[in-house]
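One chain, subunit A, links the two complexes that follow: it is found with subunit B in the first and with subunit C in the second.
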Partner chain A sequence: MLTALTRAFRTPDLRKKLLFTLGIIALFRLGSVLPTPGVNAENVRTALEQAQAGELGNIYGMVQLFSGGALLKLSVFALGIMPYITASIILQLLTVVIPRLEALKKEGQAGTAKITQYTRYLTIGLAVLQSTAFVALARSGQLFQNSAELPVLLNDDIFTVVTMVITMTAGTAVIMWLGELITDRGVGNGMSILIFTQIIAVFPSELMNIFRSRGWFTFAIVLIVGVFMVAAVVFVEQAQRRIPVQYAKRMVGRRMYGGTSTYIPLKVNHAGIIPVIFASSLLYLPQLVVTLFANSTTPNVVVEWIAQNLATGDTPIYMATFFLLIVFFTYFYVSITFNPVEVSDNMKKYGGFIPGIRPGRPTAEYLNYVLTRLTAPGSLYLGVISMVPIFALALAGASQNFPFGGTSILIMVGVGLDTVKQIESQLQQRNYEGFLR
Partner chain B sequence: MRDLSFDELRTAALAEATFCAAVREVAHRTIGERPYDVQLLGTLAMLAGHVVEMGTGEGKTLSGALAAAGFALRGQGVHAMSVNDYLARRDAEWMEPFYTALGLTVGWVSETSTPEERRAAYAKDVTYAAVSEIGFDLLRDRMRTDPAELVQPVPQVALVDEADSVLVDEARVPLVLAGAADPGAAVPEMAALVRRLSRGYHYEIDDEGRAVHLTAKGTDTVEKALSISLYDHAATVTEVNLALHAHALLTRDVDYIVRDGRVHLINASRGRVAQLQRWPDGLQAAVEAKEKLSPSETGEILDSITIQGLLTRYPTIAGMTGTAVAVGDNLREFYDLKVAVIPPNKPCVRIDEPDRVYATTIDKEIALVEEIAAQHATGRPILIGTLDVAESEELDAHLRERGLAPVVLNAKNDAEEASIIAQAGERGAITVSTQMAGRGTDIRLGPDGVAELGGLLVIGTGRHTSSRLDNQLRGRSGRQGDPGASVFYVSGDDQLLTAYAPDEALPTPGRDRQIRDRQADYLIGHAQRVAEGVNVEIHRNTWRYTRVLEQQRRQILEHRDKILYGEAGAEALAEARPERYAELVAASSEAEIAEAARQIVLFHLDQCWTEHLGFLGDLREGIHLRALGRLNPIDEFNREAIPAYRKLLQEIESRSTASFAAYDPDQPLSEQGMKRPTATWTYLVSDNPFGSDWDRILKRVSSAIKGTRRRKG
Partner chain C sequence: MTIGISIALILSSLLMILLVLLHKGKGGGLTDMFGGGFSSSFGGSSVVERNLDRLTIITGTVWFVCIIALGLLLKP
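So, the complex of A and B:
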C-alpha cells in the first residue's frame, strides 16, 4: 500500500489528484474548527469539556465522533455531511413512492442528474432546519446541560442568530461541493473521504485522553491492540469465497492463462457496516426510555430494570443484546441485499452457470447454502469488532468512541481500502513497465 | 483567438474571407453549385474543429467538401468519413471537379476496393470512405508483416458526415477484425435438436428479446437426447445455447437475410445488409446450421477498435449532421467536441403533427393504411419509414391488398436506392423504406404541382429508440423551405414501449380507437429517454472497458513497429539465444535470419494478442458478478487485465525464443498460416445489472408496495 502511494506520488497527474484531495481535506478541517460568527469559543470549550466528563459523556462522545468534533464547537461546518447523506437517503426512498421520480431514475444519467439536483436542494432545506434547531438550542443554553452559567453565544439578538443559521447552511453547501470536487477531480468517493476525515479527526484527542488518564503503559497497549485490530479488519474485509461461473455463449479458443477469472465473490462480511449501525440505533431506545421516565415520581419496575441493564454499555445483558442484534441484522441485511434468485436469474439470462449445477432454482439454492454458512462467521466477526469499544470502556476506561473499534474502524478500513484500490487501479493504467523495450 | 492583436485578427479574418470567396467561386464554376452564406458558415465552423448541425437539404455535402478543401490546402490529409460506401463514392465523384480545380486530389474507398486501390485512395489529399472501412483498414494495417503492404498514412484530419450516427450510435459496438482460422464446426445436430423445442415450455425469452435460456423441462429434454449431464460439459452447453440463440432470437429477414446460399447480417441501425460482417464466436455457424446451409469458416477475433479509439487518433476532428445538439453532451464527454448550430437558408415550413397513438398493432396498421390510401388519393407523395425489413414487407403486402403500388426500399434491394429515392418526391409516389433512406439522401419534390398538394408526407410506423432518428426521418421532408408534413403512428405493442416502459400502461383509447391523452405523449417520450439513457450507458461502458485494452494495444503496436520497421526482433533473439543466432547466420546470411526473426516475433506477437483479446473478452463477460461482492467491476477488470498484459509480454518472448531455437531455414515458416481477415460485430453485456445495494433494497420494497396495492385494487 505504501509503495502504491509513493508510486502514485511519482506519477504527475495522480500526484495532482492526491494533492488536490489533501487540499480539500485541509479546507474541510479548517472549516470544522473555525467558529461561526457570534460564538463565544472560550465558553464553548469549557462547557464541552465539562459535558464530556459529565454523566451523559457517552452521547456527547458519539456526537463528537460523527461530526469530527465540529458540531459541538458550533463551527462553520458544524452540520458536516449528515444533511447531504440524509437527503440522499430520503430521495432514494421517495423514488419508490413517487412514480415521476422512479421514471426519472430509469431515464439514465440525464434523469439521475436531475435527482442529484433535487438532493442538493433538499440538503439545503435540511441544513436550514438543523442549523435553526441547533442555534436555538445554543441560544437557550440547552446545548450543554451546564451552560446556563456559560453563555455559548456572544450576543443573542435575532441578527446574530440569523447570521449563524445562514453561515452553517452555507457551510453545508460548501461541504457538499467539496465532496463532489473530490469525486470529480481527486481520488476516491468524496462523501466517503469526508466521513473518513471526520472520524480520523477525533483520534489524536482520544488517544491523548487515554495517555493522560491511564499513563504510557495502557497507551502503548492500546496502540498495539489498535494496529492488530486494523490488520485483522483489513484481513477479514478482503476475505471472500469465490464461486466459479462459466459463460457458455462463445466458443473457447486457445488459452494462455490458467484458472478462471469469472466468479461471484461472496464476502465473509457481506453486510458491511449497516448491521452495527442498526443495532446501535436500536439500543439507543432504552436510553431514551430511561431519560423520558426518569423524573416520574412513581418508579416503574420495567424502567428501573432497563435503567440498570440496558441503558449503559457495561452490563452483561446490554452486551449480549448488542451482540445478538448485530448477528440478527447481519443475516437480515444479507438476505435483503443478496437475492440468490435474482442472481441466478441474471446468470441464466446471460448464459452463465456454475459448473455442475443447473441454472435457475438449483443455482439459487446453492448460492443460498453457501451464503448462509458464510454469513455465520461474518456476523460473529461484526459482533466481536463492535464489542471492542465496550470492553475497552470496561477495561481501560476509554470513552465510547474508543478509536480502534466498532463503527469507526469499520468505516475507516472500508473507505481506506476502497480509496487505495482506486489509486492502484489508476496507477496500473498509467504505469506500464516496458518488458519488451 | 484570444491572444491575437487587432491586426492579427484582421489578417485572419481576411484570410477566411478570401478562402470563402475563392471556394464559392470554384464550386460555382466546377460543379454548378454556389454555396449559400449559411453553408460557408458551416465550413468555417468545421475548419475550427466543431460538429455542425445543419438541417436536411441545406447542402452539408458541399459545406463539408469546402471544409475538406480548407484542411487539405493547409497541407493536412483529410479522411472524409461517411456512413456507407454508396455515399462515400457518390460524394467523392460529385466533388472531384471542385477539388481538381483547387489543385487537390480526391479518392474513395469501398468495401470491394483492392489493397492497391485503397493505398492509392489514401494517398490522395482527401479520401472519402465509410467509417467502418477506415477502421477495418487500420485493423488490417496493424496485422501486416511487411511495411510495403500498409495502406493508411498517419491520420491527420477526420471529417465525419452524419456525426451523431457515427460518433454516438455506432460507437457502442467495437469494430472487430476476425481471422478465418478453421472451417466452421457447424452443429446441425444441435440445430435439429433445438428445432424440436417450443417456446414457453422448453425455453424462455426475456422481455427485451435479447436473451434466451432453457427451462428445467428443456434441460431434461436436451439431457435425454444427448444422454449426458449437461452442466458438467461446458462445450456442449455452449453449443446448445448458440443453437438456441440462433433458433429463438434471430429472425430471418429481420436480423439477417439468406442470399446466394449465404447468411447476410442486417445492420440494425441502418437497415442495410452488412457486407463482410459476421456474428462472433460460433453464432454464425449456428445460424448457418439453422438455415441448413453449409458452414462458412469460423472466425477468431484478431483485433478490435472502438470508433472512439479510431477517431481519437486524429489530431483534428470535425463533423456535420442534421441532429447534433441532442448528442452535444455525448460529443463533449467522449470526443471533447463542440456543436455549432447553423441556421437554415430558408426557414423550414414542414408541419410536424403530433403522434397518433393506438392501443394495439392491429388498430395502428388499419389506421395507417387508411391514411395512406386517403392521402394517396390526392396525389401527394408519401414516404413511409419502417423500423425493420419484415415490417416494410408486411406493410407492402397490406398496401397491395388495397390496390396501391408502393415501392419498397430495404436491405434486400439497396442497390436501387438512388433511383428509388429520386422518384420518391414525384406525384403519387408511395415509398416504403427502412431507416436507410433517413440519411444522406435527398428527396426532391416533383415539378408537377406536388408542392401545392402539401409536399412530401413522411409517415413513421413507430417512434425510434432515439428522438434523433425520428427527426432524421422527418427531415426527409421540407428541404430548402419546401412544404411538407410528418407524422408518427405509435401503438402500445411497439417495442419501444414494451421494452423501455414495460410497467406503464397507455390510457384507454377513444371511440375511433385512437388514444388522445397527454399521458400517452409523456409515456412515449419517457420510453425514448430511457432507451437513450441505456444506449449512452452502453457507450460509456464500452469506452471504459476498452480504454485499458486500447492502451495496451498502443504499446504492443509500438513494439510491433520497432520489429516491423527495424531489427528489434533479430536483436532480441540474438540476445536471448546468441549461439543459435550465430549458428544460423553462419548457415545462411544475416539479412535472411533477420527477416526470419522478424516474421517469427511478429507471428507470436499477433497470436498472443489474439489470445489476450479472447481472455479479456471472457473477463468482461463475467465481470459484473464482482459487483455482488461490493467490488467495482471496472476497477476489477483493470486489476486483472494488467497482470495478464505483463504475462502476454513474457509469453511473446518465450514463444519467440522457442520457435527461433527450433527454426529450420530450409523450411517455410509453417506456423505462419495465412490469416484472411473478415469483419464482424460483437455483442455486449451491461456492467452491473444488479444495481447497488440500495437499488436492490428499494426494488424489493417497491415490489412489496406494488404487490399490496395490486391486492387491494
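So, the complex of A and C:
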C-alpha cells in the first residue's frame, strides 16, 4: 500500500495531478472558513457554540453535511455544492418528463454537454435563491434560535446584504469551477471529491464531540461499529453479478476476430448513493415549508401536521417515508442508467449472446429480470444503511450528524473507492501493481 | 472606501459568475459522480480555453483580495 503510494508520487504526471487536486482542496477549505464580508464572525461562533450545546434545530441537516459546517459559519463558500447537486437532480428528473431534454440525452456526447451547460445555469439560479433566503434568515435573526441578542450581520442595510448575496453566489460558481478543474486535470470526479472533503472535514470534530460528551466506552463502541460498517459497505459496493457473454467468431479477411467470452458486471448497488441524496433532498422540502410558514399567526392544520411528523428525523412517519423513497429512487435511477434493451441490441450488433438465451428481446427480458431481482437487496441495503444514524440517535444518543451516519459513510467509501481505482488505472499504465491487489 | 471595495467585489463577483459559465462544463453531472458511468477526458484545451482560464484566475484573485480587504475593513 505504502510502496504503491510512493510509486504514485514518483510518477511525474500522476504526481502533478495529485498535487493539483490537493492544492484545489486546500483552496476550497480556505474558502469554507473565510467568513463573508459583513458577517460578525465572533457572534456567529458564539451562537454556533450555544446551538451545539443545546438542541440544534436540524433544519439544515443534509445541507450542513454537504457544506462541511461552512453553511452555518456563513462563509464565502457557505452554499457548498448543494446548488449543483440540486440542479443535477432537477435536470435528471426533467429528462424523463420533457421530450426535448430526452432527445438531447439520446444525442450522445454533444447533447450531454448541452444538458451539463443547462445544469450550470440552473445552479447559478438556485444559488441566487438559496443565498438570498439564507442571508434573509441571518438578517432577521432566525438562523440560530438564540441569536436575538447576537446580531449575525454587522449592519443590515440593503447594500451590505446585496453584496453578501452576490458574493455567496459567486462562491458557488467558483466551487463549480474548482470541481471541474479537478475532473479535468486532477484525479477523480471533482464534485464528489469536494463533497468527500467536506465530510472528512467535520469528521474529527464530530468524533471528538462523542468522546467528550459520552466518555471513552461509547467512543470505542462507535469506532468498532464504524469499522464494521465501512467493511460492510465496501463489501456490498464491490459486489456484482457477472452475466457471461460469448462472442461469436468472425472471419474478416484472413484474420479471426471475436470468439472471446466476457461478462456484463451488474452491481448489486447499481445506483450508488444517488437515491439517498434524492430522498434527503426531497424530505428537506417539508422542513423548508415549515420554516417558511411557521411564523404566520393563524395556525394551519397541514403545517402543524408536517411540523410534527416530517420535520424531525425521529418520527416513524419520517423514517418510513425516507425508507420508501430510497427504495423507489433506487429502482428509478437504475432504470434511468441501465437500459437492458440498448445493451442487448449492442450485444446483438457485435455478435454476442448470453449462453442459453436468444439474442434480441429474450436477452433484454433476461437482463431486466436479473437486474430487478438484484436491485431489490441493493435498495433495501441502501435504506437500512441510511437508517443507521437514526437508530444510533435512539441507542447511543448521538447527534443526527453521527460521524458514521449512513449517507456520510456511503459517500466516503464510494468516492474513496472510485478515486483509488482511478489512480490505480493511471499507475497501471506504467507498472502493474496498484493499490488493490 | 468600504463602498468602493464593495462595488469592486460586486463587479468581480458578477464577472466571475459570467466567466465560469463561459467555460465548457466538464463536471458531467450526477451520472459521473459516485462511481457511475465513464469519465471521458478528451484531449487538451484550446487557446481560447486557456485564455479563459487565465482570465478566470486573475478575476478570482481580485475577487479573493476584495473579500479579504472588505472583511478586514468591516471588522468592528
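Here is the rule we use: the second predicted complex is superposed on the first by the 292 of 437 C-alpha atoms of A that agree within 3 Å, B and C clash if a C-alpha of one lies under 4 Å from a C-alpha of the other, contacts with A are read in each partner's own complex, and residues count from 1 in each chain.
We adopt the following convention: a contact is a pair of C-beta atoms (placed from the backbone, for glycine too) under 8 Å apart; a residue touches a chain by one contact, two chains touch by 3 or more.
As the structure is a computational prediction, the values presented were derived from the model and not from experiment.
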Touching partner for A:265 - first (subunit B), second (subunit C), both, neither: first
May I ask you to decide whether A:92 touches subunit B, subunit C, both, or neither, giving the answer as first, second, both or neither? both
Using the superposition on chain A described above, determine whether A:74 touches subunit B (first), subunit C (second), both, or neither. neither
Thinking of the overlay built on chain A, is A:337 touched by subunit B (first), by subunit C (second), by both, or by neither? both
Which of subunit B and subunit C A:245 touches, first, second, both or neither: first
Where does A:191 make contact in the superposed view: on subunit B (first), on subunit C (second), on both, or on neither? second
Given the touch rule stated above, what does A:108 touch, subunit B (first), subunit C (second), both, or neither? first
Once the complexes are superposed, what residues of subunit A are shared between the subunit B interface and the subunit C interface? 92, 109, 272, 337, 422
Per the touch rule above, subunit A residues touching subunit B in the complex are 92-93, 95-97, 102-103, 106-111, 240, 245-257, 261-267, 270, 272, 336-339, 342-343, 346-361, 421-422, 424-425, 428-429, 432-436
In the complex, subunit C touches subunit A at residues 3, 6, 9-10, 12-14, 16-17, 20-21, 23-37, 39-41, 56, 60, 63, 67-68, 70-71, 73-74, 76
Quick one: which bits of subunit A touch subunit C in the complex? Just the residue numbers, please. 34-38, 40, 76, 84-85, 88-89, 91-92, 109, 112-113, 115-117, 119-121, 124, 154, 159-160, 162-163, 166-167, 169-170, 173-174, 176-177, 179-180, 183-184, 189-192, 237, 271-274, 337, 411, 414-415, 417-418, 422
The subunit B residues in contact with subunit A across the complex are 181, 185, 206, 211, 213-216, 219, 230-232, 234-235, 237-238, 240-242, 245, 280-282, 298, 300, 526, 529-530, 532-534, 536-537, 547-548, 551-552, 555, 559, 572, 608, 610-612, 614-615, 617-619, 621-623, 625-626, 628-632, 634-635, 638-640, 642, 644-653, 685, 689-690, 693-694, 696-698, 700-702, 705
